[in-house]
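Here come two complexes built around chain A, the first alongside chain B, the second alongside chain C.
Moving on, here comes the complex of A and B:
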């Protein structure tokens, strides 16, 4: 299966035995008022990642270049961008994996509003996070502790690898290509969060109706782009989104499951509004609007 | 109002504004340099080819059983054969005289629904036919000003909402996998006892691929154990979920295609043998 993480290097390209002497990065420069690609050519030192080269350009040629970064080790999720059109972490993309015989395009994440150059506004993702109720364990055991088996948390631990780079949110066409869905859609990273909580052996909340009515899991058409771009190799679609979709089917669309709940006197799915009222956004009545944010200094 | 009153007053609804101009060129500009068109085109050709073959094979309504040439081979597109035309073909089952068209159309409803609602095939046809999106980080058909779909509703409305019946189609798929297994066993039956023909091998491979595809189904994986909060409390279901469902599910795409090809090859071979076009070599 094709993956966005690995990029083929053409035979005889500069990435083989004789590296090119220079490399050209075509960086997006601009802000909310507009922008353009500009080429920057620097010496090809070899053994670098894209972020290293961006930093050298910043140090030597464009000191006003805006780029967000932090750990340079693929763990903070700050340096997300689109390299030759593919959403990736700049710090985890080796120059040797790219064809340097032509300029390498580095653009900001095109799913988010631009702030400047390679830096985008990720407010939406944090607004979504405030709409998901956190961990709600039941009462502890008589000795005051909680116990769970490793086999019960194996599934959940995969989701803890998420570094919140938001590459999955950026590539998800539901909001990338249809911004009007943002107020009613959570996106892959937060379906992972939902699955992490729903599959947790000690959690007691039922977020299935919330997932369907408030967080728009039905909008996801499982085309797996989120999985393809995940730098942590989380199987977002197979292990998080589809299990959540199947749980929503249990709650909403399966007549046998409905009949079973009636016969066995099991509780009905918890209404979305009830679960939403437990969240920070629910308590304050926070809503998401796709109108542009007014910058601190007034309209741009 | 004092500062304390102001701070402790009722929370006012807050609006988080998340919109604004995007950076980079317009989304309709594809920056990818790899051959991103190849995969959706190949998938579209594969699926269209399969549909075209199945329409032809179903309308054939003949030479689907090789009993007349001494082989107990029944095409998977015609199994279980329960209509009147099955008896006339020499097959022992059958009897539904009210069904006038090809029996394949009666049977194909069930595996057809299973594959149409399958999570893998959904990805395949959303990418290749809906172009929603055709490839990752490539604008989908509704966002490029084409006017095809200005508002995207995903699987929240009819007809795509009906993809949620997938688990029910899986129940039927299990029955059909059992029937095709029986056909594979029957393919060892030769006029003078047990034997092995080239066709037998194809029928066995077909049954294996069908089972691998069916047991790796995402809905089945959920029902087998994925729906449990505590897998430790159901050791048998946990074992099945971990060692069977999840293992096969990891290769669901592969088995989806292998089983698709094996159905075509098995049907084609049965037709060639039953119509007398080729002779089925007997290995022992």
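Moving on, here comes the complex of A and C:
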């Protein structure tokens, strides 16, 4: 096309007078037994994201290159990887934001066991999801529907934006470098889920003991690594983890204050007896099977 | 016997988008042992990309709304090719399905009195779409996913189904697939199978669809002997991104227009006023002054032409670009920046703001977007019974995009998410009832062995073609010859090219081993895409008129006689795709009367 528009290059970046003719990706190739980085050089077409270049390498040079992706629009959270060491979504990382005069390194998420090439085993996260008792509303209005105010909904919608890319889980150093912590730790994505349920205007379950005793929220020492990598800009540490930690403390020292806070948000008071009867214990025994199974070398 | 694992369940659901999850939840709650198989990870299905909302006559914003009005809008939008009974059930049951989602934890945007807020969309007479900003699909899939997980439903992730299995009587009783992660095979025995596999967009070059939309369910049904209907009816969404090239086709929600955005050509003109069809003239504003007052006063003013149904808008954009009045990258301008405040835009359309900022470096609160048509949805699909979603093959059900009939020749925005819920539930219910009344499954493992051997064949071929090259040529063929505007000579040319592509796809070879090998996955997905492409091409050749998403250059007008016919595609005994026109079910008089009422 004659009217090719030059992309803006950020000041201080690798600006040159004309775009490079080729780009090189240094991709990790291998499986659970081991592997190596290999360089692939393709034409620099401009206007692409990293995932586009990975796809062209797949189509032209390495048809068996394993990579997960779905929407290519930052909405599904499938194509997480580490780009020049930084955890990102490949579909939302523009080539023009990177210095293409050097090879660009793309490696699988380090926090997960490797399956093949850029694909990692994310089954741990799906297993944690099963351990959190789901939404449990109080009774509806007499007309059978629920009323909520936009301001109460907004607070929770920040957490509902989560696309489950698991980048936060990948950088959380509680588990990134300590595989043995995994059985006793849920990770930032699931602290967001807990906060979402805790703040949901209709939910009635108390999951604070679970958060403290089984999901290890106390292990988080709020280094904010998770917040920094969130592609949805969820304030994971400030808005989810810290308030959850405070509520867990409330549960131990001031249960009445917690109950009062939870009930006051609602237009119609929830009977205290009902709240008390809905402990998570009744539901936590449920087990589901999510395939695929953990391959050798995966988490216990 | 080939090595594989085996699972036997009552109901097997293929697909974990909105329809599949809703079907699985229903089947489980009806007491059937239920398993879901999905080609990606749980929660990543294409439903996640739905933006604008879920259409249901909740009457929270407009008490004048009713199922009857929603039904009429849907039928008119579908150019009356819809299965009337599906459109009726859909309009009647959508409100309950939305409220049920809320009881399962979904958080929709609210009205001032705390009820579910509804937004305007093309073709809907009243503001009707329950929504969460512009990420309604994510909210819906997360709610269903969490519900399914809480119920303990079995989920087999990253598993591709290659073929359905049938018993001696021809009834479906299972499926063969493989785990993408390991490449190892799995055989499912099931008393009932629900197809909920979504769409076919990946057969076209510019599409809003993800890699998964390869028409697997359409093809599985066809190969199992089921009928497909109206496969020529493909929706090209009017507003996909056109620039940068890598983002071409990615969807821009109709919510932009519902919330005040307008379409302009190179000269800044709101060209849609020049393309108002007679069919919609009575209810469409013909001046800018009137159109702009409609957003706040729907009683006294008529709706802007930017909110005509998608087929009309897509054709108009296409015509404007062809006439040389397009934007620099071959689209038109979608402008909300000059019409709404930055705060409003960011609150109502947060993911559109994010998408354009990140992918195109465009700030939609300050500049117009460049947009053009993108292959988005197939209205046609597996022929089903309206009340049960039973296909023409015993034991096989279909719901969601893979099923045909509900949307006729053109789908209204927002009717897809409600379709998934209404018919997902009905399919799950009927499949569970069928399964609970059926004896033990007698699997024919020899059939499974044949399927497995065939699926592994690409590994054994040397120096065959690369499947990516065949896929590329298929996409070019469908985009150029079976795209938004069609004509007989090009359709016949496409049919010939498909012969050649089928031959090439039959001899592709795959490098490497079976573990997570995308080349191999594509080699098998190609078989589905080619089957769908053939059905669409032949049905499009047979429908010699223009109707909804199907536009013929050589037959530019609708033909009232063809309005009474479905184009039915099926395999003949030799395995070739045939097309036969068959009459639509007749609408009862009391529903016909709805179309005569003044509004």
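Everything below uses one rule, namely that the second predicted complex is superposed on the first by the 235 of 300 C-alpha atoms of A that agree within 3 Å, B and C clash if a C-alpha of one lies under 4 Å from a C-alpha of the other, contacts with A are read in each partner's own complex, and residues count from 1 in each chain.
Operating definition for what follows: a contact is a pair of C-beta atoms (placed from the backbone, for glycine too) under 8 Å apart; a residue touches a chain by one contact, two chains touch by 3 or more.
Predicted model, so just to flag it, every value in this text is computed and none were measured.
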*asked:* Under the stated touch criterion, which partner chain does A:149 make contact with: chain B (first), chain C (second), both, or neither?
replied: both
_Which of chain B and chain C A:85 touches, first, second, both or neither_ = first
*asked:* According to the stated criteria, A:76 is in contact with first (chain B), second (chain C), both, or neither; which is it?
replied: second
*asked:* For A:68 in the superposed arrangement: first (chain B), second (chain C), both or neither?
replied: second
*Return first, second, both or neither, reflecting whether A:48 touches chain B, chain C, both chains, or no partner chain.*
second
*Of the two partner chains, chain B (first) and chain C (second), which one does A:225 touch, if any: first, second, both, or neither?*
first
*Doubly contacted residues of chain A, that is, touched by chain B and again by chain C*: 1, 7-8, 31, 117, 121, 148-149, 200, 283, 286-292
*Tell me, which parts of chain C touch chain A in their complex?*
40-46, 48-49, 99, 102-105, 107-110, 113-117, 132-133, 135, 137-139, 142, 146-147, 149-150, 152-159, 179, 181-182, 210-212, 243-247, 250-251, 328-329, 351, 354-355, 358-359, 361, 466-469, 472, 510-513, 515-520, 522
*Using the touch rule from the top, collect the residues of chain A that touch chain B in their complex.*
1-2, 4, 7-8, 28, 30-35, 37, 82, 84-87, 99, 105, 107-114, 117-118, 120-121, 123-124, 127, 148-149, 151-152, 155, 171, 173-174, 176-182, 199-201, 216, 218-225, 228-229, 238, 242-243, 245-247, 249-250, 252-254, 283-294
*Which of the residues in chain B come into contact with chain A in the complex?*
11-25, 27, 30-34, 39, 119, 122-123, 126-127, 130, 132-133, 136-137, 139-140, 142-143, 151-156, 160-161, 164-167, 218-219, 222-223, 226-227, 229-232, 238, 249-250, 253
*Once bound in the complex, which stretches of chain A touch chain C?*
1, 3, 5, 7-8, 31, 45-49, 52, 58-60, 63-78, 92, 94, 115-117, 119, 121-122, 126, 129-130, 133-135, 137, 140, 144-150, 153, 156-157, 160-161, 163-164, 200, 202-203, 267, 283, 286-292, 295
